[in-house]
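Should a chain be cited, it is by its letter among A, B, C and D, assigned in written order, with residues numbered from 1 in that chain.
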Amino acid sequence: MSETTERIVLLLRCTDRPGIVAAVAEFLQRQGANIVHADQHTDRSHGLFLQRVEVEFPDGAPDGYELSEALRPLAERFAMTWSIHSTTRRPRVALLVSKDGHCLTDLLSRVELGELDAEIALVASNHDVLRPYVERADIAFHHLPIDADAGGKPAQEAEMDQLLVDHDVELVVLARYMQILSDDFTRTWAGRVINIHHSFLPAFKGARPYHRAHERGVKIIGATAHYATADLDEGPIIVQDVTPVSHRDEVADLVRKGRDLERTVLASAVRLHLEHRVLAYENRTVVFD
Amino acid sequence: MSETTERIVLLLRCTDRPGIVAAVAEFLQRQGANIVHADQHTDRSHGLFLQRVEVEFPDGAPDGYELSEALRPLAERFAMTWSIHSTTRRPRVALLVSKDGHCLTDLLSRVELGELDAEIALVASNHDVLRPYVERADIAFHHLPIDADAGGKPAQEAEMDQLLVDHDVELVVLARYMQILSDDFTRTWAGRVINIHHSFLPAFKGARPYHRAHERGVKIIGATAHYATADLDEGPIIVQDVTPVSHRDEVADLVRKGRDLERTVLASAVRLHLEHRVLAYENRTVVFD
Amino acid sequence: MSETTERIVLLLRCTDRPGIVAAVAEFLQRQGANIVHADQHTDRSHGLFLQRVEVEFPDGAPDGYELSEALRPLAERFAMTWSIHSTTRRPRVALLVSKDGHCLTDLLSRVELGELDAEIALVASNHDVLRPYVERADIAFHHLPIDADAGGKPAQEAEMDQLLVDHDVELVVLARYMQILSDDFTRTWAGRVINIHHSFLPAFKGARPYHRAHERGVKIIGATAHYATADLDEGPIIVQDVTPVSHRDEVADLVRKGRDLERTVLASAVRLHLEHRVLAYENRTVVFD
Amino acid sequence: MSETTERIVLLLRCTDRPGIVAAVAEFLQRQGANIVHADQHTDRSHGLFLQRVEVEFPDGAPDGYELSEALRPLAERFAMTWSIHSTTRRPRVALLVSKDGHCLTDLLSRVELGELDAEIALVASNHDVLRPYVERADIAFHHLPIDADAGGKPAQEAEMDQLLVDHDVELVVLARYMQILSDDFTRTWAGRVINIHHSFLPAFKGARPYHRAHERGVKIIGATAHYATADLDEGPIIVQDVTPVSHRDEVADLVRKGRDLERTVLASAVRLHLEHRVLAYENRTVVFD
C-alpha cells in the first residue's frame, strides 16, 4: 500500500526542554511542509523528548541532502539525534531462517500482496530445507551451512555479513533463525536486526520456551519481536502478543498456537520498522502506531 | 491519584489547515507554559484537527478567565472549539442506577480508593434497593420512583434534572440505569452523560443483549461505554471491550462475564472523561489515552 | 501434524436423558477402544446431548462399515445423529476466492507446512488474478467467470458445483469469495461450506463492514468464520476474534488489521472442522477444542 | 447465584487406564444420580486421569457420609484421590490484606451482590487502614500487626493460623497481602490459599513487578492468581490475564491498569475454587470452567 504522494518522515530525539515542539513546527512550516501526522513522547525517567513527524511538501519534496542541510541548525540547537526517511523508497530486507517456514512464508506472502512495503533482497539459511518456498517467489536463497571444517560459525557469520553488505541490506529479519549471533554481528547491525522470540519475554528466555511454559502450567503464552542485541533475548521490545491456553493444551498445541502469534507479531514489528514508527533507546522502544 | 502540581488541559478542535501546531506551541510558550503531554489527531474524512495539550506553569497557572482571554485571539484565528480544565478541580458526578449494583459499587469503591478523581455528588435511582451501598459510603441516595399518578416519567425526569442542577453536577453516569431518557434530557446534558451498554455495539442494540447473544451463538460478548444521545445506543463510543465465550456458557454465564466487562469498561470511560481525554464530534470520539 | 496411530472420532447428538455417557463408554470398551479424549455438552435450552469421543484401538481399528454396524443398536436406542471419522484420512478441500489473496496464501502455506491436515483438491475463482499463487504450489486453479452471455451466475454456480462433485470435495472454504451463493447451493452443501466474514457478526452484516465500522466509530473490529447458509451472514458461528482500533485508524488501517484477523480466524475454523471438533445444530455450534 | 436444586460435585484423580469413565458413569447411574455436567482430562505427561462430575439426585441427595461410603469401592478399584462437595454449602473464606484495598472491596462487593457464593468469615491484616471498608459491611476485621517485641512474624502467623482455625475457614485469599508466608503455614494450608501476584508469572517474580516491567519496556503486563506454596510465586497457576501497555504508560499507569487485572483475575480464581472447578497437582491446575 504505497503512498501515492511522497511523504517524508522525521524521527527526532533529544533531551527534553521547553520549546522543541514549537521549533520543529516552525521549521517545517518554513520549509513549506504540511504536517500529516505528528506524534511525540516525553520519557520522564530519562528526560528525553522523542518525535515522529510525517510531512508532505505540496511544491515537491527536497532531496535528502538538501533537507539534512536545512535541518542542521535546529538539530544542533537541541542536540538532536535524528533521521529522515522518504516513504517512496522501499527498504531492502534480508530474511534469515532455519527449518521452520511459517514466519518466512507469511512475510514473503505479505510482501507479494503489498502489505509490507519492502524489497526482499535475499533469504539466507543455515539449512537448505526452505529453498523451494523462496525460489518459487523469484527470490534468491543462500544456503550458508555452519561447517566445522570451513571455519565454523565465525566463518559462516562473516560470509553472511558480506552477503548483507553486498546486497545493500537495510533490515535483517530473523524469521525463526535458530542460531545465536555474535556480539560483533549484533553490534555492527544494531537497530537493524529484528528477532522473533516464541515467549512473552522476559518469561522463558532462552531455549524451548513452549516446553517450559507447559511444564510451569501457565494459562497464557506469547511471542515477542525485538531488536537483536548482544544480550540474547534482552533487546528492545517492539511488539508482544499473547493467547490463552489451558490444561487441554499439550506442548504440540502450544507450538501450534504460538506459530500464529509468531507470524503476526513478527510481521507487525517489521511493518512498524519499515514505516519508521519505532524509536529504540535505552533498551526500550517508542512505537508511534 | 491527584496531581500534586496543578496542570491545565486544553482541548481544541478546528478545521485542519497548516500552522496550527506551531501556533498553539508558540502561544503556550509565550504564556510561560511547559507542555507536559500533547496529542493531536487529524480526521481526514471530516477535515478536522483535534488536540489535547496538558501544560504546567512553573510560575503559577493563570486563572480560568485570564487564560480564556489570552487564548481568544488564537481561537478566533483558527475558528476553534475549545475548552480549558484544571486538574486540581474534582468534577462533581452523579450516578443513576436501577437495581443492578455491580457498576455502582465498583465506581464508589474506585472514588474512595482514589482511582477516580471525582466527587460523587449524589446517587439517584428509580428503585430503592441499592440505598444501603450508597449511604454507608456517606453519599446521598435519592429515590425517584416513576409514579404514574404523579406525572409518570416526564415528572420524574424533571425532578432528576432539577436535582442535578441543584447539585452542580458536571457528569452523569448511567451505571446500569434501565430507563430510556427523553430527547430533551439527552439534548440538555449532551456530552455529559455516559452510559454503559451490555453488548459490543452496534451488535445487539436494545434490550436483553445477553439473551440474544446466546441465541445467536456468538463466540465473543462485549460491553460499550458511550455518550448518551437521543438515538438510543447510537451515541459516540468511548470504550469497548470483549471476552470470549463458548457453547458451555449459558445466559447466566454471559451475564456474569458481562458484569466484569461492564465494570471495567464503564470505569475506564469515566476516568478518561474526568481526565479530559475524550473529544466527541460527529458521533465519534477521539480518546487521547 | 498427522497422528502416527490411527484414531477414530465419533460425533454424537441426541435428546438428553440419563445413561448416555455410561452407555457410550461401555460400548467403546466392548469394542476394545481406549478413549483418548472425550468431551460432551448438554444444551439445556434445546434438551440436547452432544459428544465428541476420540479413541484408539490397540488391536487395530475396525473399518468404517464394521464400526457403523456395531454402533447401530446404541444409536437407535438413543435416536442419535452421529458420524465417524478416521484421523488418517485427509479430507479433500476446495478453496473459492475472488481477488484478495491473503486468506488463500495463508491456507495454502498452512497445508504445505503441515499445520492443516487436508488435501487441497482445487482452487476456483470468479477472477483470474490469484492463479500464480495457486499454480506455483502445484494446485489446479479453475477460473469460473460470471459471464452474462453464458448463463450468468446460475450457470457459473452449476459449473462450480459439478467441479466440486467431480473432485470429491468434502469441504468448501470461501476464502474471501465475494459472491453470494444461491439457496440451492448452500442447501446442497450445508455444513460443508465455511465462510469468513470481515466483522464480528452480527455487527456490520453485509457489505463494506470496515467502512461502516469506521463510520460508527467503534473501538474494536473483528472477523467471523461460520458455516454458510441461505441467510447471508446468519449461519452457525465457528470462530470469532477481534482487535482494538482507535481514532488513529483510518479505513485502510481497519482493512489491514482485519486481514490478520481474517487469516487466523478462517484457518482456525478450517482446522477445527478438519479435526471433527465442530458440531453444528440449531444455527449454533459446539466447538470441542 | 445459588443453585436452587442441590447438586453434588465429585472431583476425581487417578492413574489413567481404560474403563474409568464407564465405571464412574455406571456408579452414578446406580446411585440414582443424573449427570448435569461432566468434564475430564487426561494428562499424558503424568499418566493421570482427572474428572469433575456435577450431578443431581432427583429423589434427594444422599448425605456426605453415605455417598463417601458408596464411592469407596470405586475409589479403591482405581486408587483414586477424590473429594465430594455440595453446592448448597457456602464455603467460609478469610481475606488477608495489607494496605491496598482494591481487591478487598471488589471481593466484598461480589459476595454481597451474590456473584461469589461464599461466607466471608473474617478479614485480617497486618495494618489497620482498611478496617472501615470491612466493618461497614458487617464483617469482622482483625488487626494482626507484626510486632518485633511480641514475637515478630512467627507469633503473628501463629495468631493468624489460630484465628483461621477458630473460624472454620476453608479458603484463605491473599488479597494483596504483602507478607511472605512461612513454609509451615503454606504446608498446613496447602491448596487452600489463593494469592494474586501482579505480573504474568513467571515474568517478574518477586517484588516491584510493575517497576521492573516498565524498566524492561514490555508491551504487555499481567496478573496471576495461584495457590500459595513454600516457593514464593511458584505455586500452581489458576488464572492469568494481561493487558497491553505502551511507551505512554509510566509506572503509575501500569499500576492502575494492573489493579483492574488483579481484581478480575483474583475474583475469577476464587469463584472457580468455590465452585470446585480447580484440581491442583504436580504444581499445575486443571480448571474445568
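Criterion: contacts are C-beta pairs under 8 Å (C-beta built on N, C-alpha and C of every residue); 3 or more make two chains touch, one makes a residue touch a chain.
What you are looking at is a predicted structure, and each value in this text was computed from that prediction instead of being measured.
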item	value
Of B-C and A-B, pair with higher C-beta contact tally	B-C
Most distant chain from chain B by Cα centroid	C
Cα-centroid distance, chain A relative to chain B, in whole angstrom	38
Mean-CA-position distance for chain C and chain B (Å)	42
Contacts with 2+ other chains: residues of chain A	248
Complex interface listing, chain C residues touching chain A	1, 101-102, 105-106, 109, 112-113, 115, 133, 136-137, 248, 252, 256, 259-260, 264, 267, 289
Of all residues in chain A, those that touch chain B in their complex	18-19, 21-22, 25-26, 28-29, 34-40, 42, 244
Chain B residues touching chain C - in the complex, by the definition given at the top	41, 43-45, 200-204, 214, 216-220, 222, 236-242, 246-248, 250, 283-287
